[in-house]
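In this document, chain identifiers A, B, C, D and E correspond to the written order of the chains, with residue numbering beginning at 1 in each.
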């Protein structure tokens, strides 16, 4: 009796310990260090607000956050659009479960290639003399290479969409699969056309999946630094990149302050999304 | 086979070569475990993970930042066999007794500390050396002669509207700012008191100018790593950009014309060196010295020279190179036979001349070194602003 | 749903899906094709001949810089460690969450937080914490922990899904038949959820094997494979990089296909045993 | 509401790949009929209903509703409305919006459609819970909302797939009375799928017994119960004993047949019978007397296998050579006046009029 | 197997937080009894069964099995075995291993335990499918395997939670006969939870009718059906009409009461009755005659609300002032000789002996 009462505590201990050691403690450290001081060589324990002050009063911070939010919104919208239709196609138009599995696997296989390699492989494709420009020129569609394809916001968004769409597809596919097919027949019986079924039944019922996918995409984009650096050719900034630069220059307290701000922002965004759904119920 | 000790060395991919580790194992029996990182990670490792390495292969400008962290120990020059033969740039700072010390974080200014426990850099050579120089070079603009279509003479040529959207500079603040300074000065935007140690006002002028240029669309990209610069150039994304000499060689090795263009204002130089971790002692410390002495003893020097870099002790390197190689690489003379890379691939055919002339011409025309300024923190902030603009 | 006839929507969406797949595979095929560059080929088109030079170079020759083999074996080890730990810890936690216990809510949200805190922040935090506490980061300590903060929440969520669908009557039946709690677990619960556990394991392995941002500041002296690849991108200008991409992809695909094949064979064998 | 219309299936067939789910079914359901499709699991009831509704395409054959052939029309264009097995209420909409859904689809303005929906909810006495979500309702309440949602489209035919199966037995009886009342009130046809013969008998004007994708019998419940056309129907409806054997002799006005064990029985009918042909008869369990005195070929002696108390009746199951199952219903009082025990040998008798000759099954 | 033992619940209570699921239930089940726990959804049947099995702790009270108090014993130590509602067969084990599971847990060697398991499978006639997995069996087959698995532990009492609910109606009837046969053969007690009164009556020696966590009546099926102790039992068992009102007059040997609408009825019993007190009576639906000639207080006139064909009987539902529901069962032949239609006014009569006085419900 008593053993069964303490059993859940024992069972939860490893998870708690790992999260405490590798999540809570590090974040606490970040918060602590964000109040430390530093010069070009070293960081010292202190309690100063300069890191926050510098961050929050600097127009760079603001424009960087704005830029990051811009990426977030665009990538979110595009992945949602693509992710929804792909999930919809798999869930409603593919009838055999085996075929669904196969096509789903087909979508996941590219994710087995290292992210970095996948990203840099866009460069020969999109470059000035890349595959795409050359094809378009051979076909006579353009007479000068399109410059915006690479080292631009377009390239950043493209690569992020490429990297993150699956995070949208999976949860939406999951919720769509759980929609009782009778509901769709009931809607059709009530005279709804395809579009009305979509807007009145499927989308409302897919909301939890959309929310979970959105959480993934939003957090991934907000924290990204490598894609932005590679694909913008170093020409654009993101919060992650700013932090990475600060870390590179050993400006840990400034990076930590930025990290805290980023964390707060991400938590706010996720909190807002979570108001719409209860994830635990959706599992 | 003599020494069963393992040393963990890390540094950038430029000099952290497996060939060196293999040769070291063969010659000394010391096992070198090499880890190659990008320059950001290198400086972080040195500062934050003191016990994760035995030998750090770092750049001099980073040394200025990281040595104060106390994770490296100064080396006793008495134990360095070839100390006297090290190129004087690293000791006195002057290539020849008459040359001036270039602006920026010249290696000699951070090359020595005052004592075995000290973290203060000494003004003149002492017995305690921070880093043993490994490789160094003087950088300039690389160009695609087939695509620029005009002679390039000055750093400011990168601003030519004809190259709009086809230029690039380096996005490592401490290095990029020096490129920018060379450009600004050349274009007559500003005359610096000391490029290597700008005032806030000078930083502002420089960055504002960069931002303006960026917004006008002059740059195609900013590169951070060796390969990025190679790919930018090789794929024709840019036709003129600041570059490293082996990167130019790499482009050329793909059969693409690329020239490392000497400029009137001179070069921006850089150098790297080996530092010994604080925690090393006893047999390991001895092995580290043994390794460093071997490093300077010629084989490595020749190996590095053959890549277009320069090595610290020229005399020992010369003995490990053929006269023709020496003449080609160090004296700037036309090659009499085909010049091979260390891997044995033909890099230059007979008759070729290396860009930039002889060692003296090159290293004698250094206008500045990569540097860490007093206003570093401010500069980095403004640099980020430039990137974010 | 009219079961036989396909509307125009089907064809439009099929086209869309095909485009999406092409989009996904486009860069991969670039890598794949370029990895067969000729000996003098570069990282970009056009192809400069066709050869297996770069695979040879990758697999049988020493690279100028770096230690691909070491990085690969470290990533493999780390992946396996992460996989095993993820399976065990999320299984235990999943079991814990089946009952009510004090702090269940906060622990759940902590796990969710672990999922949504940007990777670079975790990496920075762990790096800093090790620094502040004077510990030595290494791929098998701090790196391992950093990976767990990424794989455990996924594992836990999967276990939630599994146990939400697990019929407790199985356990009661076992108890009724005289099984001790341990026997119930070993002979009933475990075999029934085993497929999901394998799924958690494979998932954990893949996540860890390809994790970059969280490893960046936590791997200590030696590189994991993604870091090594990242390092390679900074100094390798030959298609050996793409050869590496092709090889790692083929490797992961082989692992998955093998797993699928094993499952298929087991199934067939059972079917045969039944028929026989 | 005077829209009631006749519905007709003409050789309707449904194939799933090589499998025949519904096999050339023809059926005419007059306007205003309560029709039950009855049969064991997998016999094709749901498929038939869904083809009428338009949710399943017809492989061959035609469906007529009133004068129009609706075989290829969209579900909402047919004048049918469907109530789904587990009700299929939209979980994200409250009750009024569920009921108003079809009006919304048709573009009716919000106040108007909610007004109409409230009327329908009043009809099924659910107006007081209009604001709730489906998850907050009991099974019976959900059922009524689903009904309201189906009826708001003013259909000529309402199709119901096992509408009572989710309810507990107590509620089932109440709700089926409501269904019947509503059908009478609206005057339209209901087609109701069930696999409970009790439900089918209690509700319908027309019982359609299906088996293996074919119709075994389509008739009024009383006809089906009293004159099951095949052995399958007799067994499925219950309360019938089926005896099967081969005809040994055909005389004027009657015939005799033998079961494998040797006993022989009389059939007071000779239609289609000839010596040596297989034959099946049914005798209702409540028409059998305990005790001696059977006319020749109208009785047997069985061993009691099982005794079940059914309230007013006691059902005694017996076995005899060649007759595996034979049940007798004895009125409660009579049984307890002279109780039987398992293992007792009991003589049984019936009259020749109670023997009902069965036809071979079309599905066979 | 002569291990049959008496089972006794003594004031057994189960609380879930503040809610009472089972409220001080006391019950004695003699050895070798087939006992059915019957009641509507949520009345506490499953909870009671699970407390007996040991899968649910007892909040207060005691459970005795034979001479031993088993309240705090582990499930496997009690001498009970449970068959779960959806059978809970282990999906990863084949049929033999499922049945042999308890022996494996006890450490019996493989050949021995598989041998015993095959014996049990033979008992339930499932030995030919021993190698299959549960998913490859039909509902009825699974049910038999579950039975074998429970019986292999040689229990004194077998507990069954709605063992027939997953089966289709046709199969239900066959399988319940098998259950009964097995219980007789083994001689142990079966406690069987159901919410079908028909199932309970057909199977049990002892019917326990529960409502709101309490026992309304525990008696032989015939007793429960003929003399339901409360209005709840009468309604739940069906085939009873309940009339409720207040006593207006108590005379010798009988009393009179009035329903709210004004009609008054006679009760041939006065036990516990006094003027002004509430009173309820039950009259069986098959004891009511159609037509005039009712003795005073033994009849009413109702309007026909609904007519249901039940095969041998036709059930007519009527309403009268103060009497919402009143049903009459008319034999089929009689009904169709003079059919009624909905809306007809029909006089009804019964005899005073058919009136059964009900007691107030303990749950109220």
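Note that contacts are C-beta pairs under 8 Å (C-beta built on N, C-alpha and C of every residue); 3 or more make two chains touch, one makes a residue touch a chain.
Only a predicted model underlies this, so the values are computations on that prediction, with no experimental measurement involved.
Trainee: Based on which chains touch which, give the shortest step count from chain A to chain E.
Mentor: Shortest path length, in steps: 2.
Trainee: Where centres are the averaged C-alpha coordinates, which chain has the largest centre distance to chain D?
Mentor: B
Trainee: For the chain pair with the highest number of C-beta contact pairs, give its two chain identifiers.
Mentor: Highest contact count among chain pairs: A-C.
Trainee: For chain E, which other chain has the most distant CA centre?
Mentor: B
Trainee: Just how far, in Å, is the C-alpha centre of chain E from the one of chain C?
Mentor: Between these chains, centre-to-centre, one finds 54 Å.
Trainee: Taking each chain's centre as its mean C-alpha position, how far apart are chain D and chain E in Å?
Mentor: It comes to 26 Å between the two C-alpha centres.
Trainee: Which integer distance in Å separates the CA centroid of chain A from that of chain C?
Mentor: Between these chains, centre-to-centre, one finds 17 Å.
Trainee: Can you list the chain C residues in contact with two or more other chains?
Mentor: As it turns out, chain C has residues touching two or more other chains at 1, 3, 43-44, 217, 230, 233.
Trainee: Chain A: which residues touch two or more other chains?
Mentor: 123-124, 127, 129-130, 185, 188, 244, 247
Trainee: Which residues belonging to chain E are in contact with no fewer than two other chains?
Mentor: Answer for chain E, listing residues that touch two or more other chains: there are none.
Trainee: State the interface residues of chain B toward chain C in the complex, per the touch definition above.
Mentor: 8, 10, 12-14, 16-19, 22, 33-38, 41, 44, 48-49, 51-53, 224-228, 230-231, 234-235, 250, 253-255, 343
Trainee: Going by the contact rule set out above, which residues of chain E touch chain C in the complex?
Mentor: These residues of chain E touch chain C: 53-55, 74-76, 80-82, 84-86, 88, 90-93, 101-102, 104-106, 131-132, 136, 149-150, 153.
Trainee: List the residues on chain E that touch chain D in their complex, please.
Mentor: 40-41, 168-170, 173, 177, 180-181, 184, 195-198, 201-203, 221-222, 225, 236-239, 284, 286, 305-306, 308-312, 315, 317, 332, 336, 342
Trainee: Please give the residue numbers of chain C that touch chain B in the complex, ascending.
Mentor: 40-44, 48, 62-67, 127, 131, 136-138, 216-217, 220-223, 230-231, 233-237
Trainee: Inside the complex, what are the residues of chain A that reach chain B?
Mentor: That would be residues 39-42, 54, 58-60, 63-64, 67, 123-124, 127-130, 147, 150-151, 229, 232-237, 241-242, 244-251 of chain A.
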